[in-house]
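The next part holds the structures, each set out as structure tokens.
The same chain A turns up in both complexes below, where it pairs with chain B and then with chain C.
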Partner chain A sequence: MLGRFRHGYVAPAALLVAGLLYAPFLWTAYLSLTRYDGLEPPTWIGLRNFTKLFDDPALLTSTRNTLIWVVGTMVLPVGLGLLVAVLSYDLRGGAWYRLPFMLPYALSGAGLAMVWSPILSHGGIANLMLGVDTAFLQDAPANTVAMLLVWTWQQLGVNTLLFVVGLQSIPKDPIEAARLDGASGWRLFRHVIWPLMRPLTAVVVGLALVAGLKTFDIVWVLTQGGPGRNSETLAVTMYKETFVASEYGYGSAVAVMLTVVTGLASYLYLKRQVTAT
Partner chain B sequence: MIRRAVLVLLGLVWIGPTYLLLVNAARPAGSYDPGSAWVPSGDFALFENFGRALEGADLTQSLASTALYSAVSPLLGVLVGALAGYTIVVLRLKYGFWWFLLIFGGTIFPSQMLLVPLFVGYSDAGLYDSRLGMILIYTAINVPLAAFVLRNFYSGVAFSIFEAARMDGASTWRIFWRIYLPISASALTAVFILEFTFIWNDLIFGLTLTQTEEVRPVMTAIAGLMTDVYAGTPVPVGLAAGLVVSLPTVVLFLATQRLFARGLSLGSF
Partner chain C sequence: MFRSRVVTLGVAALVLAACGGNGADAPQEKKTELTLYNDKGAWTKYFEEMGAASKQSIGLSIKPTGYTDSAQYQAFIKASFRTDVKPDLFTWQTGGMLEQIVKQKQVADTSAIWQEAIKAGDLSKDLLPYYTIGGKQYCVPMNVAYWGMFYNKRIFDKYDLKPPETWDDLVKTADTLKQNDVKAFYHTSVLFSFVWFEQLLAGTDPDLYDRLSTGRAKYTDPGVVQVMEKWKQLIDAGYFINPGDKTDPADVLKNGKAAMVSSGSWFNTSMTQRDLKAGEDYDFFVIPNLNPALPKTSMIFESGPLCSLTKAADPEAGTKYLKWWTTAEAQEKWATSRGDVSANPKVEIDDKALGAVTKDAGSGKYRLVNRYFEATPPPVLTAALDGFSKFVTQPGSYKEVLETIQQAADEYWSTQ
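So, the complex of A and B:
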């Protein structure tokens, strides 16, 4: 009686995952080895999409931009988030000091673009405030850096929150002992708090690494990868090659490359973290 | 003292754009000017602006669709995932760990690896630009996390509960529905909220798998409005739209914050 239903119970989950996640994944892997425009059946061309990847100037640009995103998201939102958390976690009314950083996190990607495009546009608020005459989203790689700052504006709060939770749960004794010994400020942070916070920081940086590699939404809503193709990331290039240029095979190859890079980067990062601790 | 000064200074920089958003979303649509964006207008036109966004970009239907997707898919996903977790842990499914690995493995795929086959497959199957298609993919994406959290949760529940219920003659389905599902309510809610937020904010699946205003989720619709900011949508209207569509996730999160924290810790997440 018991046995009969077991597979029936696990079937909906297995079928949904197999049909809508595994099958498309494998199909994309296959399509990356074909020429395919969505109309004619795919034709096998071996690794030619992948050799094309290395000669494609657009792909070089989007790889560079993705690299900026990865390094930027690992450094800025995480570093500033840690700073705000360390400065505020044991202050009276610390939550109030953190409120300005929490508010932007409530905005969705599209809402984020709504807020920032009037600020960053040519003749927009930032131009008038700084007394300059620049289109911040125009020239590469400055436009990627501008979007990275917008991203930092939004993401800082959640990182701060993670670090505050971490700081409040680390043992109090070593910090008290160090204080009694006269350590304070930078030295207290560097030699007592930081070693205790390292494991959590490693996790937050790891998450930022993966998120940075997959950057899509914010670029899409602010510049759609333009002007021209100069602010594309790999994820945006994949989307455009596939659904704008109808190069399904080539777009799939970009997706495969992105997946391999993400997997490899996560693996190397995890390995380093495991051996370091 | 220096700490507070640094925090306040950085806080002021951070609050600037938020201030601009609030002030200008409430400004009458016609009166926006970048030069005076910092000065409140004295009028409160937020609801008129949002009304205009609803009308102009036809966001009403997109909002209704998004509400449907963000409610139904996580609900289905959580139920399906919980049932899988229950079967693997409590009913001790043979090769249960491998089943779990198969289901949980679904989380590792970047959405870019799914888009082309989903688009082509949906077109062939008549699911392209349909609400059913959107609900299906969003549900599938929710299943791995739900299965993961609930499997962990049920591992911590005493097996004697199950045995006692069997002694009393309850069927495995009844035990799931009447005992295991209710006791895991907090974990279920936590997963539901995470998935609700994910779907509410999703851009890429909406972009790829929908076309018409009735089916297209609101973030994708807003992103479309976005490209029009320069081509005519007044800035206050755009801001009001961005603000109001961001509200539901905030309200839901604040309303369930306590449960959320508890659910996660119980699920040993």
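So, the complex of A and C:
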């Protein structure tokens, strides 16, 4: 009985996915081969948007900034999250130590940026507290690094939480055995705990990789990609070209490139992880 | 198996039909409340007040939806041309942006409203060109604004400074302030990065400004380069606050972070919101020309349209509303609540300095120059805003900046 209707059960979800994900993606891919201002019908121009991509100095800056975001996201929120988790997971009252790191996670990306804008602004709270006269969001790539630190402040808690769950769920026997054999501290972590946590680390790093590649909201609210496009990421370039400059075709080409890069990076990374485990 | 697929398709079709809008032949709706979409989120309160007034006067109220991100707003309005979700009324920009949407043949023709309003003295003929495309008028003025310098009167009084009459006076004023560790001018690297460029160019060579806006001059022409060099000199002299300061310009003026903010007369609304009093806490002067040989003082002018669509749910109600909007009764309320000037010459405002400017502007004392934001075609504007944003943080980059803007201009004008 169930078998006869199985397609019926799946159909609503399949239709939603097809309508809300695949159809817009195919439409974007089509637009990337056109000139389109959002009003007049799109004009077919072949691969011209893609050739323009490789000549555009702004795209080079966006790619550099996106790379900083990807590497930074994997090193800072993930690395520090792991550190906080390892230092606190078996402590009595460890949850209280982790709580301050968790609270900022309640903020949305845009909300986070609104909170930090007056802090990082020239003449803002950070300038007053540090006794310096620096516009943190002005010069590249320092402005990207400043925003990355803000991002770390928010993301640290959730990464810590994921690692704590991982640490609490790994089997205790191999750790006990290693301890009996005299392993402790760094050696115990490096040779016993870390390998046991590998599947979870693969997921956390994979999520960080994708989050780094699609960085948008925090940059858009804090700097709008400026000054002079020097803090743009690929996602910001995509948005600006599409909605600010009304170059929907070119913006779509950036979107297609970003999708290919994100898909390829995730595929290669996950394939490597699966092969390794 | 086949039957189950047919059932599935049937259900899906029903769901989609339920999600769809009204059919094309649905009877036209008579509305008593009109949606008003705008990118002036901070003005919601004033739009609501207008809605209450119009309800009493013509039986139509408005429901404002204010966006704060203009890019998102414009994308929504453009998308509405292709869907059934259409605003009854919406705000827009004059210049290339208005031309773009008028081409879609959905913006309601307001020629009759204009003719009547000019005849009744409710609108000035001077505004016509900004709203005329292909010999017809579209939309009505939602607001008009004259640009000049707002200054902190308490700081000026403290150092015994008077509103400058000439450019040299203005520079002397900036010098006096600098000697007293007060930054003279506000500028920013976000969005309004073009303000000093347009002011300096319009005050040096307004004809070149017009030619530049219409693609008949280049950003790399010597006249434009000289303006950038002048701007750089002013920045290098230390007159400006740091462009990375994210403080709202109204607070910059209120707190005395800078003594002067160049802005449109709508800045008065921000002053009103901060309980500041014109003539006591702050005041306004017309910025003198950089080039004293010009016959008239150049004044930046802007007008933002309020539009309706022919394919909206009740286009007649939209037209009725726009007609009411231009009347002295509506404009009196609109101008008074925001403390701003009005497009209706019959409306006088309390602010003496702005009132005088409006009167003088109406009598042809100034050469009105269309604001850069509206005068420049959108693709060139985007490149220019980014360029000026880079320039204010790295003034030495002006030649590279002008070349980048010119590249965008070449690309745009080659397709026109």
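The rule is short, and it goes like this: the second predicted complex is superposed on the first by the 259 of 277 C-alpha atoms of A that agree within 3 Å, B and C clash if a C-alpha of one lies under 4 Å from a C-alpha of the other, contacts with A are read in each partner's own complex, and residues count from 1 in each chain.
As a working rule, a contact is a pair of C-beta atoms (placed from the backbone, for glycine too) under 8 Å apart; a residue touches a chain by one contact, two chains touch by 3 or more.
Since this is a predicted model, take the numbers as computed values, not measurements.
Asks: Mind checking chain B and chain C on superposed chain A, clash or fit?
Replies: clash
Asks: Per the contact definition in the header, classify A:273: touching chain B only (first), chain C only (second), both, or neither.
Replies: Neither chain B nor chain C is touched by A:273.
Asks: So, A:244: does it touch chain B (first), chain C (second), both, or neither?
Replies: The answer is second: A:244 touches chain C but not chain B.
Asks: Just chain B (first), just chain C (second), both, or neither: which does A:227 touch?
Replies: Once the two structures are laid over each other on A, A:227 reaches chain C alone.
Asks: Look at the residues of chain A and decide whether chain B or chain C touches more of them.
Replies: After superposing on chain A, more of chain A is contacted by B.
Asks: Which partner chains sit in contact with A:216 here, chain B, chain C, both or neither? Use first/second/both/neither.
Replies: Once the two structures are laid over each other on A, A:216 reaches chain B alone.
Asks: One more residue to check, A:135. First (chain B), second (chain C), both or neither?
Replies: A:135: touches chain C, not chain B.
Asks: Would you indicate which of the stretches 25-33, 43-51 or 79-87 belonging to chain C has clashing C-alpha atoms with chain B?
Replies: Among 25-33, 43-51 or 79-87, only one stretch of chain C overlaps chain B, namely 79-87.
Asks: By the touch definition above, which chain A residues appear in both interfaces, chain B in one complex and chain C in the other?
Replies: 5, 7, 12, 38, 117-118, 121, 123-124, 224, 239, 242-243
Asks: Taking the touch rule as given, give the residues of chain C at its contact with chain A in the complex, in rising order.
Replies: The contact residues of chain C facing chain A are 1, 4-5, 7-8, 11-12, 15, 71-72, 74-75, 78-79, 81, 100-101, 103-104, 189-191, 193, 241-247, 257, 378-379, 382-383, 386-387, 389-394, 397, 401.
Asks: Quick check on the complex: what are the chain A residues that touch chain B?
Replies: 2, 5-7, 9-10, 12-14, 16-25, 27-29, 31, 38, 80, 84, 87-88, 91, 97, 99-101, 103-104, 106-119, 121, 123-125, 127-128, 153, 156, 214, 216-217, 220-221, 224, 235, 238-239, 242-243, 248, 251-252, 254-256, 258-259, 262-263
Asks: Name, in rising order, each residue of chain B that touches chain A in their complex.
Replies: It is residues 3-4, 6-8, 10-12, 14-15, 17-18, 20-21, 24, 32, 34-35, 37-38, 80-81, 83-84, 86-88, 91, 93-94, 99, 102-103, 105-106, 108-110, 112-121, 136-137, 139-141, 143-144, 147, 172-173, 176, 200-201, 203-204, 207-208, 219, 222-223, 226-227, 229-230, 235, 238-239, 241-243, 245-246, 249-250 of chain B that touch chain A.
Asks: Quick check on the complex: what are the chain A residues that touch chain C?
Replies: Touch residues, chain A against chain C: 4-5, 7-8, 11-12, 15, 37-40, 117-118, 121-124, 135-139, 223-224, 226-230, 239-240, 242-247.
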